[in-house]
Amino acid sequence: MSNNQVNSESLERLESEVRTYSRSFPTVFTRARGAKLYDENDREYIDFLAGAGTLNYGHNNPKLKKVLVDYLTDDGITHGLDMWTSAKREFLETLEEVIFKPRGLDYKVQFCGPTGTNAIEAALRIARNVTGRTNIVSFTNAFHGVTLGALATTANSKFRHAAAVPTQGVSFMPYCGYMEGDSSSLEFLEKTLTDSSSGVDYPAAILLETVQGEGGINVASTKWLQGIEAICKKHDILLIVDDIQSGCGRTGAYFSFEEAGLKPDIVTTSKSLSGYGLPFAAVFMRRDLDQWKPGEYNGTFRGNNLAFVTSTAAMREYWTNDSLAKDVQRKGKIVEHRFKQMARMCHEAGIEGAEERGRGLMRGLDVVDGDMADHIVAGCFEQGLVIETCGHSGQVVKCLCSLLITDDELNQGLDIVEKVLKQELAKKA
Amino acid sequence: MSNNQVNSESLERLESEVRTYSRSFPTVFTRARGAKLYDENDREYIDFLAGAGTLNYGHNNPKLKKVLVDYLTDDGITHGLDMWTSAKREFLETLEEVIFKPRGLDYKVQFCGPTGTNAIEAALRIARNVTGRTNIVSFTNAFHGVTLGALATTANSKFRHAAAVPTQGVSFMPYCGYMEGDSSSLEFLEKTLTDSSSGVDYPAAILLETVQGEGGINVASTKWLQGIEAICKKHDILLIVDDIQSGCGRTGAYFSFEEAGLKPDIVTTSKSLSGYGLPFAAVFMRRDLDQWKPGEYNGTFRGNNLAFVTSTAAMREYWTNDSLAKDVQRKGKIVEHRFKQMARMCHEAGIEGAEERGRGLMRGLDVVDGDMADHIVAGCFEQGLVIETCGHSGQVVKCLCSLLITDDELNQGLDIVEKVLKQELAKKA
Amino acid sequence: MSNNQVNSESLERLESEVRTYSRSFPTVFTRARGAKLYDENDREYIDFLAGAGTLNYGHNNPKLKKVLVDYLTDDGITHGLDMWTSAKREFLETLEEVIFKPRGLDYKVQFCGPTGTNAIEAALRIARNVTGRTNIVSFTNAFHGVTLGALATTANSKFRHAAAVPTQGVSFMPYCGYMEGDSSSLEFLEKTLTDSSSGVDYPAAILLETVQGEGGINVASTKWLQGIEAICKKHDILLIVDDIQSGCGRTGAYFSFEEAGLKPDIVTTSKSLSGYGLPFAAVFMRRDLDQWKPGEYNGTFRGNNLAFVTSTAAMREYWTNDSLAKDVQRKGKIVEHRFKQMARMCHEAGIEGAEERGRGLMRGLDVVDGDMADHIVAGCFEQGLVIETCGHSGQVVKCLCSLLITDDELNQGLDIVEKVLKQELAKKA
Amino acid sequence: MSNNQVNSESLERLESEVRTYSRSFPTVFTRARGAKLYDENDREYIDFLAGAGTLNYGHNNPKLKKVLVDYLTDDGITHGLDMWTSAKREFLETLEEVIFKPRGLDYKVQFCGPTGTNAIEAALRIARNVTGRTNIVSFTNAFHGVTLGALATTANSKFRHAAAVPTQGVSFMPYCGYMEGDSSSLEFLEKTLTDSSSGVDYPAAILLETVQGEGGINVASTKWLQGIEAICKKHDILLIVDDIQSGCGRTGAYFSFEEAGLKPDIVTTSKSLSGYGLPFAAVFMRRDLDQWKPGEYNGTFRGNNLAFVTSTAAMREYWTNDSLAKDVQRKGKIVEHRFKQMARMCHEAGIEGAEERGRGLMRGLDVVDGDMADHIVAGCFEQGLVIETCGHSGQVVKCLCSLLITDDELNQGLDIVEKVLKQELAKKA
């Protein structure tokens, strides 16, 4: 198709083979707005990927763009290491007022290097230094980043193997639903942690995602989450919630752990925190856990001032009332309904294990087979939908669309998934 | 002083104790331009810190700002994971044309998470996977970041201790000048690496800074650098140059290793790479070393598109000819001259070990005593100069000012340093 | 009591506080024969500890003593590093003829440093080098020694904590019976090992005891053991059986894994291997796994020649027919019967979880409470019985008496245990 | 030669390829006495290897044999875990009286598993637990054993590589003489340890051999040893002397560190400690360092009672006066003289780097070339001398003969070495 020529020669020649998304979406994008991406042939794509959960408020959200452009234009501080700036102060005060206080949270905030993995590394050190213990409990299918300290908590062997050195200081336990029986993984966890002969060293912290994003949209039940928190409290173990992908309204409430009523000791956040796709990450920690000495953990880009500005605007725009949270729940139901229908289509076609999973707008359709999921992704892309997979074998088609997507866009995207799924199921038959 | 009130209550209450620069510079900054910072009392500061080497082209460089604001205004892709974008293509093509080709380099480019430490982690994995060896040689006083894999190569015990777990897979060797005698550290290194009973496992790579920034503006001699490269070639060890702080023209040439004529196997870059203080990092590697499998190393903010745009503009503006490089050398001589004078003042005041060190505009005045250096920093701040220290005991006052600083600004800043130094020396007498 | 004075001043003054058994048995022993120990007050003790499984043929077994004294008298090689000696040749040939061939085993034999932990370290290296994988699966309550490599596979936190450095390269999985449900731990194990996102790196080997000795006389079922072997075969994972405590007839058959029909890839053996309590250890490995290069693993006392001599004699004396194996089973039934009665006494006294466990003459009475078990040990010692505890909280009173103990001695010992148990239960009531 | 047939088929078939000494000495030994070995063809060999330093009092020393056979005959305790025995008490009291007190040492004694590597593992844990620090300083060419904790301190890559996992927690520094200049390695060591930015974490202990045995008979000077002790004292670092090969009179005095007047905080001992080649090892530690909790470090064969008996006899026989120590010095001079002559022969034949090294009867002739050293070993064996090599490339022919060797035997052995050396040098010419 003449209008679909991809001018990628230099990209392929110069960029490392480690690249991934350009393999799924072989075109050159130029513009984006809200829930839509455009390539240089002016093809339009609905975006169900949204920066893997980074663009909760859409691409180039105009309200955030305005404050960003104004700040740049006025020569606001762009880069200031961790000096005090008015942008930082406004961010912190807004965070306290809009997010922490209404939720009864009294956290201190650490700005680490502006990526999720840096936040995880910082959180692990806090837990280890404060408790004087080394071990961290992580879970099957967990993903927390790839720098070496965070990698040790990441379950996927693809990333682990690439490190070329063994990781240490982490024990993996079965996540909610990994073992049969509702409470078996909690019982196993508590027995293992409290048994001095289990081989699992008494941990500094339990690190978890309330919904595992990269791991396959695995949803921990409220009961399980509360069980984990209870174990932590009972045995003086810190609870770290990694809300990097599931936070900032992705599951409805601002934090993904609000629904279960948790109060984690430490929270890691990044991705949609800036609201605009700008690199940004932070660790929120219980006030008494802030035992850092000055400069023990640093990073050139910690405290990205442009991100302070857009993040502050996003909190003010979207989190001073519960309308967005409610709307996420409403749209989540739409996706849930459609994905459940599609799971049934799979069942009818003989894919017994197919299922819908998710919370809010963090939704997955598990089609059991990674190859089939890849075909769906490829088919959707041809139809104008950017959507990706996750899970241990890439078997889950996931919807992480902008929270502000219109119902029309959402339904169009879902229609495409359904259409492509039907084609794939037909091929199988 | 009434116009110096600092409204920092919320900042102190909410930000983690890990903060550092706000302790040295206790004011709230609001604006910046070129080589100058302004606080909310409208006080002006000359900036000799420049984002610890991140703002080589100054704060809010107007030429880069224009392309950035235009790109934002036009809804260019802000966040796109590692999808292909026109901004990425333009960046890569410009990098090849303006930087690689004229220097005879044939690198592939990996976009990792947008911080230096992520680039180091990626570089170490490349070296380990390609060679099948685990050990990495790093050097005394080296700083390469604080995530666990990079931390293992960082010499400073403050950072190492904070990890709360031992690091592994790295052997530290004496940097140029650490041992007495010109060639002793090279001889020791080669003997140790080639002696199968030295205890130092045969390494995958040698990782070095040509000028150690955080470590104290320690300058490796051309002869030493060439010696290291020769050892690498002779013994089939990869040479990784960490040009994160010393690159992008800081020492004059674009890469800090050009002066010695090195062709590293792998180069890590970040800090001033975006040109505008935006988070950005990349690994350049010899084409045959790009043995990554898709997605083995990832990160949400890899390939920051806003940084592509400003970085491309910076390369075009400043690196299509050698005028900036020459100007850096010229200004570097000014700093060198003044710092040498100040070192002599120190000698006269009985501080025998004081000395000037540096290359280009990466300059340090070693006053031997960390407390004295702190007093100079504090005195300079009162006089309107933002300047910081480095070195094993913070004993080196360093000048990392914008490469575009005017001669007037530069001399004003140096005058302040000299004035404060004299006061401190007078106190000592 | 005048005849019970303990002359231990110099012992307490000069020996490290790490000592343990002299705390349970505060007397100075001078002589021993068969199943009996004598102290310097000429008090006689029945020995249910027997060197923690090292004295399967009793103390100073006269038949083995004769060959040992003759060998010494004739100036046979006592210490010869790993040179060839006639004693070694006779040992190897006897091992092949008496032990390997009748069992259909075709192993090569590695003599490592003469302790169990050295054998485990060797076995782990074989598995890692042959497979090119790092991870080892060990189990809850496992004990395989305390040198750092073996310690990583030992579950008990007392030992692990004392290392003062974190261990690595080992994943702990639930042993048979650790989780509820008969097959749940097998299912969990297989799922975890085959799931590339479980966080458990694909292992080189599974290391197990068929009966966990130090861990509490936990008996793996035949079905579970066969299940483990099947998983190993299916997934190309090596099976290492640590038969150090449970081998040499302790459970009846020569190897503890014979009953389940296993053919491990690697077997570690020590303790009763010499037959006389002499330090000795070996690794038996499938012929094709012997990929060692000369001298890659060494040790001054590997191949203890005195142990070759007694071990050879023991094999000839006790293992050329099945009479000892049968007698162990017969005596094991006696202990089982009596311990079951005692468990019922416990139940009647309100200790619900009490139970008898074991195979052959490796038997435990779990009284649930470590303090109570300690009281039983102390009471037995006063009555002339040396017996010890094991298990995660020392809650299991164990019988590891000589396999050659007479029925009278065995019953006397059991009578003492019962008498003391009753006293303890009476105190509780 | 018909009387030289080697009946080794079963040995080769059944023993692991890891075997080493049977490759250098391809015969089957049957008897030994004093400084002589005999094979099954009744060939006699002078033994300059002596169990790699384990048989300081010769093979089957008749005085020690008598007490050993008597003890066995009387049914003394052979194996008693770490229970108190009269043999242990007598050993400890003799050790205190004969060894510790005359040397002004006030040590406590830990009996670990009966091999040197177990003693090293224990010593490292003591140092790490008492200081709360992890790092250990070891040296180029050091050998301290191969279990994983000890291996981390062993410099030779052959052993390190075989572990198949990276080791950690150890920094290697240049041993005396490794760097040019007399004091350079001490200066480098002190600078590195006290520089918080050297990358070498502040250590718990420095672990050293006063003469490196396996590493090539490298002799540390008195000045260097005293310098190390001074650094340890000044900087509150523990000094561990590994006297496993160099102790028990090997260098003349009982401990190898006496000549330099050191008082190590911890001493590891094994090899000749039993006096009879029986597996035995112990850690001697400053009284206040004995902070072990009961049972934190264990091992089935710790406290080998047969070794207590022979060791006690050896101390009484050889160490109540200084005649043995003096005789070792006298014989050492003989070897030194002859090896120096041979080194000169090498020089004359063009091998410039050849040299004699050693202290007491721990002597080496460095012929520079490992292949040549192997030829010498093979030639000597044919002539009836058992002698081995050491050093990073096996380039050092070493003499570790029994301290009780007669002058005749010693000279005969040296004559053989010289004869074979001349033949080899002639071949070269």
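By written order: A, B, C and D. Residues from 1 in each chain.
Criterion: contacts are C-beta pairs under 8 Å (C-beta built on N, C-alpha and C of every residue); 3 or more make two chains touch, one makes a residue touch a chain.
Treat the numbers as computed from the prediction; the structure is a model and nothing was measured.
**Student:** Looking only at C-beta pairs in contact, point me to the busier pair out of A-B and B-D.
**Tutor:** If we tally the C-beta pairs in contact for A-B and B-D, the bigger total goes to A-B.
**Student:** Find the chain most remote from chain B, comparing centres computed as mean CA coordinates.
**Tutor:** Most remote chain from chain B, centroid-wise, comes out as C.
**Student:** Approximately how many whole Å separate the CA-defined centres of chain B and chain D?
**Tutor:** Spacing between the chain centres: roughly 49 Å.
**Student:** Using mean CA coordinates as chain centres, what's the gap between chain A and chain B in Å?
**Tutor:** For chain A versus chain B, the centre distance works out to 31 Å.
**Student:** Identify all positions of chain C at which a residue touches two or more other chains, and write them in rising order.
**Tutor:** Expected reply: 134, 158, 161, 165-166, 168-169.
**Student:** Using the touch definition from the top, list the residues of chain B that touch chain C in their complex.
**Tutor:** Per the touch definition, chain B meets chain C at residues 165-166.
**Student:** Name, in rising order, each residue of chain B that touches chain A in their complex.
**Tutor:** The contact residues of chain B facing chain A are 6-8, 10-11, 14-23, 25-33, 37, 40, 49, 51-52, 54-55, 59-60, 65, 68-69, 72-86, 88-89, 92-93, 95-96, 108-111, 113-118, 121, 125, 128-129, 134, 145-152, 158-159, 161-165, 168-169, 270-271, 276-279, 283, 285, 290-301, 304, 306.
**Student:** List the residues on chain D that touch chain B in their complex, please.
**Tutor:** For chain D paired with chain B, touching residues are 134-135, 138-142, 154-158, 160-161, 166-172, 174, 178-180, 184, 187-188, 191-192, 195-202, 215-216, 391-393.
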